[in-house]
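Alright, structures below, take your time with them.
Here come two complexes built around subunit A, the first alongside subunit B, the second alongside subunit C.
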Partner chain A sequence: MITMKINGVEVKAEEGWTVLETAKFYGLEIPTLCHHEGLTPYGACRLCLVEIGEGPRAKLVSSCTYPAEEGLVVHTDTKRVVQARRMMIELMLSVAPYSKVIQDLASRFGVTRMRFKIRNEECILCGLCVRMCEEQMDGKAIGFQNRGYQRKISTPFDIRSEECRLCGGCIYICPACQLRCQGPQAETAICNACLTMEPTCLDFYDELQCWMYDAGRCGTCVREKKA
Partner chain B sequence: MKKIKKFKNLEELKKAIDQQEASRKREKKKIIVVSSGTCGQARGSLKVIDALKKAIREEGLKDQVAIRITGCHGFCEAEPNIIIYPDRIFYQKLTPPDVRTIVKETLVEGRVVEKFLHRDPLTRERAWYENEIPFYQKQKRIVLGDNVFVDPTSLLEYLAIGGFRPFIKAVTKMKPDEIIQTVKQSGLRGRGGAGFPTGVKWEATRRAAGNPKYIICNGDEGDPGAYMDRSVLEGNPYRVLEGMMIGALAIGAREGYLYVRDEYPLAVRHVTMAIDHLYQAGLLGDNILGTDFSFDLHIAKGAGAFVCGEETALIASIEGRVGEPRQRPPFPAQKGLWRKPTCINNVETWANVPLIILNGADWFSSIGTSGSKGTKIFSLVGKINNTGLVEVPMGITLREIIYDIGGGIPDGKAFKAVQTGGPSGGCLPASMLDQIIDYESLTAAGSIMGSGGMIVMDEKTCMVDVAKYFLNFLRDESCGKCISCREGTQRMWEIVSAITEGQGKPGDLELLEELALATKEASMCGLGQTAANPVLSTLRYFRDEYEAHIYEKRCPAGVCKSLIRYAVIPEKCTGCEACKRACPTGAIQGTRKDVHLILYDKCIKCGACLEACRFEAIEAQRDEAITIVKEVKP
Partner chain C sequence: MSVHPTINLDSLQEIVERHGYNKNKLIAILQDIQAVYHYLPAEALKTLSRLLKIPLIDIISVATFYRAFSLTPKGRHVATVCMGTACHVRGAPKILEEFERQLNIRRGETTEDGEWSLETVACLGCCAIGPVVVVDGDYHAHTSIRKVPTILGKYRK
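After this line comes the complex of A and B, so read on.
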């Protein structure tokens, strides 16, 4: 057992737990976005930042990737944490302004202005889809390409991947997509669940970035434009 | 290639070292040392070598003169150069015909040829001997110095300077804990950037649970303009390998990797050859020289991404995964390569190890400041007279490096700033010139030691433009995982770019500061955590320049194209027509001996005329038109 302190409270963690897992176990909430139980922690969205250590050596780390350590002192909501977190939300929103998930975060954390030029990419590169595909769907159909500001999610050679089974897992988990769909139950079945919900993500194929390179086939996110 | 003799045991190796050292002492021949690293070769050292060989043959001096082709000596400005031993006469910037003259004059007649001697850029004085050259005088070349004495492709030459004596000492006389203790006491800190105490890292790896253990040499060196690790690997590869062997012995590793970037072909060649020689000589492999120490060494070639120099990304890349940093802890010392305890050190760090073992911790810690011991190699580039690699004791001031060693700023221009620490370092102004160099003081000043890049800038440099340049590098080289680093650098670059284009607005600097802070605080690895330094340091020391761009739409240094126009100063123009010939668009009018004129609608602001004019009659002026346009726009 590892003993540490979160927000002044002594807590115990099991070997191998992260700070986030420990906090959750004690019912202490830390906002997350790129983290998902059942997927490997990645640390991309930096929303789950917490402050560790004390005095001049205190610093911010992502709690979803930081391991619980003996004697660690953690604060989940210091001014420093909140300021950085707000900036992360503002940055995410500047590239995925149509995401309800991120808009909700903005309201929750008091992000009320947008100071960057909007560049709608409908993706915050959180990597959930990549991990979902590889770790849960055994697909490895999509991945990151390039680095830095040119980074994007795509299939090898940007063409429809043979590895993709159209399971829809990637879309299900994506925080930048508004709708979630369980996907068709069987090969023959048509899901269409999303058609019962209003509004769907998009009315046009044109603006859609479909990782399956087969926009509309699974029907999770697009609805035909009504004549 | 000659086959290397296998040493059966430590005794034989010791004997060979004694022999080599003795025969070097007895050497009666004059030795001509030719510096032929990557930079020397680029400047024609190979042709100089051919010419030398030919001239020596023709003059019949073969029995009296020998040539030693070595790695780089660090004085890039003077390449290709030779040093004639035993006198140490230093001739620089040579071409093949020069070499013939030298062989005739100096080697046959015994006269020094003045015109090939080095001339100090400030005093204009000629230096006869290598040790009289100001560039070398204030340096302390404990690591680089030996490059002059060894042919990097020859194991015997390395033995001739006492190579492998430290290893013999470590393996016969020291217990692993003693080696670690010595390195700890010496105060050696990592030369790869962060300055972590090397002995502490070794100890942590040794104590960490898990087997086997690995060691890695980090030779990724992705900073633009930095080449100190390259010159060590090229010029003295055995030194680095010996350091690794001693490290492996202390840590209890039996396998190591030397990660070197593929863009360094000569370094790759020399290191590969050296490893090969060590296997042949029985100095690598199982039960080395009959001891129970076994060690295998592999080369891993890096594909050249800056971020792959970060230790966890480098490990991922050796394992064949994407070179992306991951969360530390666990640190490599706990879970590194193949999730086993791994000690990773920089090239220069490893190269210091044999010296510390041989000369003792006290010798090493007598050099430097209280917190930073030993020397550091910097690559001194930019607006500086003596470009090159300089190795200086910690605690030296920036002023000494720039003026005494570097010979000051060319063309009589004024010093403006020096950027230390690579792309994510900071820019320090003239008021910081008396700042001493060690890990803590550089950090306190808003910069970092980094791996040793040092770029000097003169008064004609725009600091906003400099910040833009580094941000552009970083937004490209960030691995892109963390939103803070990826979007942080991108957005900072956007804001700074807009400022240089005259689109800056009130509030930009505050946003920039806020963003810089968030990037620094929220990012996972060292790249993001330091990516804001170029912005923060220029804002700290040159805020007025940002403000001039934003509020007055003026670039004080006359660099930002959107904010300037070029104009001829009538009083200074002699009508020489040089500018007219240089102008690619025919924007300059004027006849010989008359004052020339620039037509603004044709001028593309390339700056060619400014460069061409020898009378400083062309000036980058504030472009009033810009302000007006911007004010009209809503």
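After this line comes the complex of A and C, so read on.
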């Protein structure tokens, strides 16, 4: 058993746990995007950043790859951590503005502006699909290619791979492939419809009549009436 | 018309054997393959993946990561123009343009007859003799636009 401190509370972690697993075990919420149970941690999205150490020597590390250590002091929600997370969301928004997962993250963390040029590459290079293909599907059909700003995920020679069995695991796990909901600000780079909670329908409906509510999408009129 | 030797799988086997079927020597093996064909042919990489028991995508990842490897056929001669800061201020962009004009290709391309490839490099580390142009490993120091035809002529038959 490893004893460490998270947000000032003494917690116990088992040998081999990461900081993220320990925090999750104690019910502390750390946002993640490139982390998935059953896949090796990769530390690509940097959303799970936490501050370790104290005072001027405190530093930001990705909790999904940082092993729990004896006497470690972790803070999961300092100003520095939140700012870094928001910046990461902003950067991811600029490369994949049509992703529902990232738009939802933006709303959840109050990211209301996006100061970067929209590149719309529809991929944030989180590597989930690559790991899914290799570790769970035993395929090894896709991988990273090139480097720097040209880095991309593709099959060898950009043609259908002989190893690919069309299982669809890569699409299932992709956070950028799920298209965002067609809310009131569907055309802008940043949606934030979940923050404003403005009803998009002209009339107010109840739960049974609103098909959007059933689909788990908008439903703002129903929720507003309930409140 | 192709100037490249046809892909001979026996020579590939020989290269891999020389490195003892060692997965860790992938880069060295790729370099040896490139030395034979002047690029990395798709067929050779597929065979290599079988011989070394490495997934093809891992070989592609390495081959696309390094600028030294090329997946597209290269010309018999490769002219590399240094575009580093020191060479740049001494007129490397103009020299590159002159190469593009003379060879009638753009940077990163190969002429149709397969004789010439034109490349750029960020810095060669020999800034004192800039602007530098490297052709097939020979360094040409203090190049200028007027010297371009002379350099090309040396390698043309």
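Please note the rule applied: the second predicted complex is superposed on the first by the 178 of 227 C-alpha atoms of A that agree within 3 Å, B and C clash if a C-alpha of one lies under 4 Å from a C-alpha of the other, contacts with A are read in each partner's own complex, and residues count from 1 in each chain.
One rule holds for everything that comes next: a contact is a pair of C-beta atoms (placed from the backbone, for glycine too) under 8 Å apart; a residue touches a chain by one contact, two chains touch by 3 or more.
Just so you know, these numbers come straight off a predicted model, no measurement behind them.
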Which of subunit B and subunit C A:117 touches, first, second, both or neither: first
Which superposed partner A:66 touches (first subunit B, second subunit C, both, neither): first
Which of subunit B and subunit C A:157 touches, first, second, both or neither: second
Touching partner for A:44 - first (subunit B), second (subunit C), both, neither: first
Dominant toucher of subunit A (residue count), subunit B or subunit C: B
Partner chain in contact with A:147 - subunit B first, subunit C second, else both or neither: both
Residues on subunit A lying within both footprints (that of subunit B and that of subunit C): 144, 146-147
Residue ranges of subunit C touching subunit A (in the complex, touch as defined): 42, 45, 55-61, 64-65, 71
In the complex with subunit A, residue positions of subunit B that touch it: 305, 307, 322, 326-327, 329-330, 474-484, 486-491, 494, 507, 511, 514-515, 517-518, 521-524
Of all residues in subunit A, those that touch subunit B in their complex: 41-46, 49, 59-62, 65-67, 69, 80, 83-84, 87-88, 91-92, 94-95, 115-117, 124-125, 127, 144, 146-151
Subunit C partner contacts - residues on subunit A that touch it in the complex: 140-147, 155-157, 161, 163
